[in-house]
Amino acid sequence: MIILTDKILENVIKKRPLHSYKGTYGRIVVIGGNPNYGGAVIMNALASVYGGAGLVTVATDPSNFTALHAHLPEAMVTDYHDTTQLQILIKNADVVLLGSGLGEDDTAYHVLQDTLAAVTLNQTLIIDGSALSLIALHHFPLPNTHVILTPHQMEWQRLSQIKIDDQSLERNQSALQQLFPDAVLVLKQYHTQIYHQQQVMSLTIGGPHQATGGMGDTLAGIIASFVAQFHSAKLVDCVGAAVYTHSAIADELSITQYVTLPTQISMALPIFMKKHAN
Amino acid sequence: MIILTDKILENVIKKRPLHSYKGTYGRIVVIGGNPNYGGAVIMNALASVYGGAGLVTVATDPSNFTALHAHLPEAMVTDYHDTTQLQILIKNADVVLLGSGLGEDDTAYHVLQDTLAAVTLNQTLIIDGSALSLIALHHFPLPNTHVILTPHQMEWQRLSQIKIDDQSLERNQSALQQLFPDAVLVLKQYHTQIYHQQQVMSLTIGGPHQATGGMGDTLAGIIASFVAQFHSAKLVDCVGAAVYTHSAIADELSITQYVTLPTQISMALPIFMKKHAN
Amino acid sequence: MIILTDKILENVIKKRPLHSYKGTYGRIVVIGGNPNYGGAVIMNALASVYGGAGLVTVATDPSNFTALHAHLPEAMVTDYHDTTQLQILIKNADVVLLGSGLGEDDTAYHVLQDTLAAVTLNQTLIIDGSALSLIALHHFPLPNTHVILTPHQMEWQRLSQIKIDDQSLERNQSALQQLFPDAVLVLKQYHTQIYHQQQVMSLTIGGPHQATGGMGDTLAGIIASFVAQFHSAKLVDCVGAAVYTHSAIADELSITQYVTLPTQISMALPIFMKKHAN
Amino acid sequence: MIILTDKILENVIKKRPLHSYKGTYGRIVVIGGNPNYGGAVIMNALASVYGGAGLVTVATDPSNFTALHAHLPEAMVTDYHDTTQLQILIKNADVVLLGSGLGEDDTAYHVLQDTLAAVTLNQTLIIDGSALSLIALHHFPLPNTHVILTPHQMEWQRLSQIKIDDQSLERNQSALQQLFPDAVLVLKQYHTQIYHQQQVMSLTIGGPHQATGGMGDTLAGIIASFVAQFHSAKLVDCVGAAVYTHSAIADELSITQYVTLPTQISMALPIFMKKHAN
């Protein structure tokens, strides 16, 4: 097991080549946010844009459009009920982030189904939040592409059938191997772990100042932006760097703050990444 | 009578245990905000989230969803007309904050009724604003749980039948004993007082720079977040620490500001709490 | 003619008495903002709240509610088409600020008519923007209360029939005496002038960095907040102090900024007023 | 070919004359922003207002009004479907900025058609984004006024029929001469170039930290504000100064930031312009 340190950033966060344009840094489609959990996709998108993604579009319930734009005019929006539009967006995306604040009702089911059907080879699909529970419940097979799963322990229990108290490194590794052999698993817990094939990385930074709603949505957005733009690094290293960055920023904020808000972490990304780019 | 000093913070604001997650810091449901007074629940929620609550959901009129999310994507929302959803939320909550900006019309009456019926033992119910007036008017009995009342003097007059000029410490204590013997009473006035059984705490800090709309909504949100997360402290001490924190931050802001805005107080919570955590 | 200096602030901006509450600092009703010019009442309200008014309610088109609350949860809102509600609000107000962004269509006409009819003795009515043009056009008589008019030169031409090039101190004074003998006139121009009965004050600070849309809406909001809270000063002195404050803050900002935005001026009010309170 | 340096700012950004008012600094109408790309006109307008334009109105889909006002109460709004209102606005404008986030559907087509028909002599029309693609597709002739085109390389390919790899200085100059002989062409690419008649300016500052969605919308807004207010400079110099300012601010931000957000550039305009005004 590898302990994540800031060395992971060296491998991932590279100085940008002079000749490049926004397409170089990836097109992300964020899909989620029902009328009750619209904040989740706002936090996804803030992290993606401040994390350096080239272009970010949010497919969500239309009731979330205005609040998203109030935070982030840099993002584009589309109605996630519009299957045709959603399929076009996914087709043109490099990274699809699915599930934050999606809920588990019929709309969520159909959006999930449409997305899984539309994703193609050589894209990266990040599956977060209630999309994980729906996949566990309905035994949806994962599409044939790069997949990153970001469950917390209860969501992993639903996916793997391993009860939280029994979730050991070996069992997690074995379940991942059997169920989703090519996926990267980010198991969010005290000392978050990243599993990929034979490899396990563990996070030992971060702290209880992060124990507030929306942290996971922000983490998923950082992962999306790192995967979208850092093409010279391995996928699992991009994920490792994103997980490390998320908690390293929170720890810096916690020097002066009792709690650290998810949106504050996103705002701090450009300065943190500049310090660690090489 | 005890004079509140920063010693109250020592008893309440504790360093967070390493092994903890957002559930550790409580689920708050904020209920209020009609189409005219939506700002009240925004201020409730800002104070709750910046004060460190684990998860905050706002049940309000749907016309308030977007403005809330524009301030705070960290919060979740639900339509307070949806009784079924409201009951589920309350059932899963640790703290219910009811009444800021609720108004006094039929909707308010039904939301109040639904909430009082849904709250169960071992939860904390904070009753603020027009919910207090409605309770006084309709003689609603309080539910059998931990109750915190946050009236200003006129609302207390309606509840207690004691005219403002006659509201002495003894009379207030006696009325509380008779009407709501287990409740904590936060009587908002020049030198706010907190009553609980035999105990009275008095606030001697704060000032006229706080005399602006929304102060009470912010105070109620801080109380909610302190109660939701500080489990080792007595309920009345959580309330005392919240009342003290609210005015201590305002006093700090007033060193450079003629008026101190409620939202500014909420923003300052993470740094203030860090300084006083032990 | 008196040249306004920071001495005017000494007479007006007083340290707040310890025993006071939000009612002490006045209830303001802001009336304006059609679906095209909603920003005007947002700027009115920002200036009023940051300027220290006790309670601010905005009566406007409902399409403006959410953007207002996104800026300012401290304010309350009401639909200006609801005549009954508007009349109740005005009845309970200390200061009514009418006309910023109101437009000149039928709705504007009816809102104006309703407001003029509802205002009563001992209130202060500030008339701004298109309300001035409508009054000129329809020869509405002013209500019997304290009135402050805030026209720019073209609006004053419409009211007074004096062409811009002919607007001399003597002619303005004489027209005011004849048309609105008790009103305070704030004639917005290069070196804004304030007329009241025999008195004329002139502003010699401020600059072209203020030449941007929304400046007048912010000024009207500052006037409202000063009138609402500074009871020991004469009305005309409150107006003079507000006019001076507005440009003094802009001048401070212009040390580092090419243009100074109206909302930046409002944000700077608490610190500026603290420095000048005595 | 002239290399743009900060000397271009000297010719353009002048200290404002004392006797001036908001009309002196121009009326801009921003036209664009369909329900999916509303952020584009928000970024146009932020750049225009912070860049110092006198009055900014945004004609867009009504679903974008609230988010715009949440950012910028200083701007006015109108529904771009309302042809009559749009024509009145354009008639009274000094500068029309058309096309950011407009899309390419029927609404976009009609808005484009209406705008091109309404623009008159002595106005400046800036054509951006999808309006350029629509003009290329439908062979719309440009109106007889001052025109600035701001294509990226693919949009220029559509307009000029020169493939991206073949876009040399000589070919671009020749195509411009033939197709739009009086227009200013801002060709956005690595080292953006400005073409006007015999003149070519080239930008050698800026960097890959700017490779993020919305940069072009912000640039178009800065161009609009510079053209609207700097009357003593030639049109092409205003454009050059705007292009230089946009990247110079981004480069300053990039000293501490890995990516520079479009809205951050707009916020920095007042301070940057103050430093360079003469």
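A, B, C and D label the chains in the order they appear, each numbered from 1.
In this section, a contact is a pair of C-beta atoms (placed from the backbone, for glycine too) under 8 Å apart; a residue touches a chain by one contact, two chains touch by 3 or more.
Quick caveat, the model's predicted, so the values are computed rather than measured.
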Self-check item: Proportion of interface numbers common to chain B and chain C (over half same, under half different)
Solution: different
Quiz prompt | Longest centre-to-centre distance from chain A, chain (CA-based) | solution = C
Quiz item: Whole-Å distance, chain B centre to chain C centre, using C-alpha means?
Solution: 35
Quiz item: Using the average of all C-alpha atoms in each chain as its centre, how far is it in Å between chain B and chain D?
Solution: 49
Self-check item: Overlap residues in chain C, where contacts from two or more other chains coincide
Solution: 66-67, 70
Self-check item: chain D to chain C touching residues, read off their complex
Solution: 13, 16-22, 24-25, 49-56, 65-67, 69-70, 72-78, 269-274, 277
Practice problem: Sort out for me which residues of chain D touch chain A in the complex. | Solution: 35-40, 42-43, 46, 63-64, 66-67, 70-71, 190, 207-209, 211-215, 254, 256-263
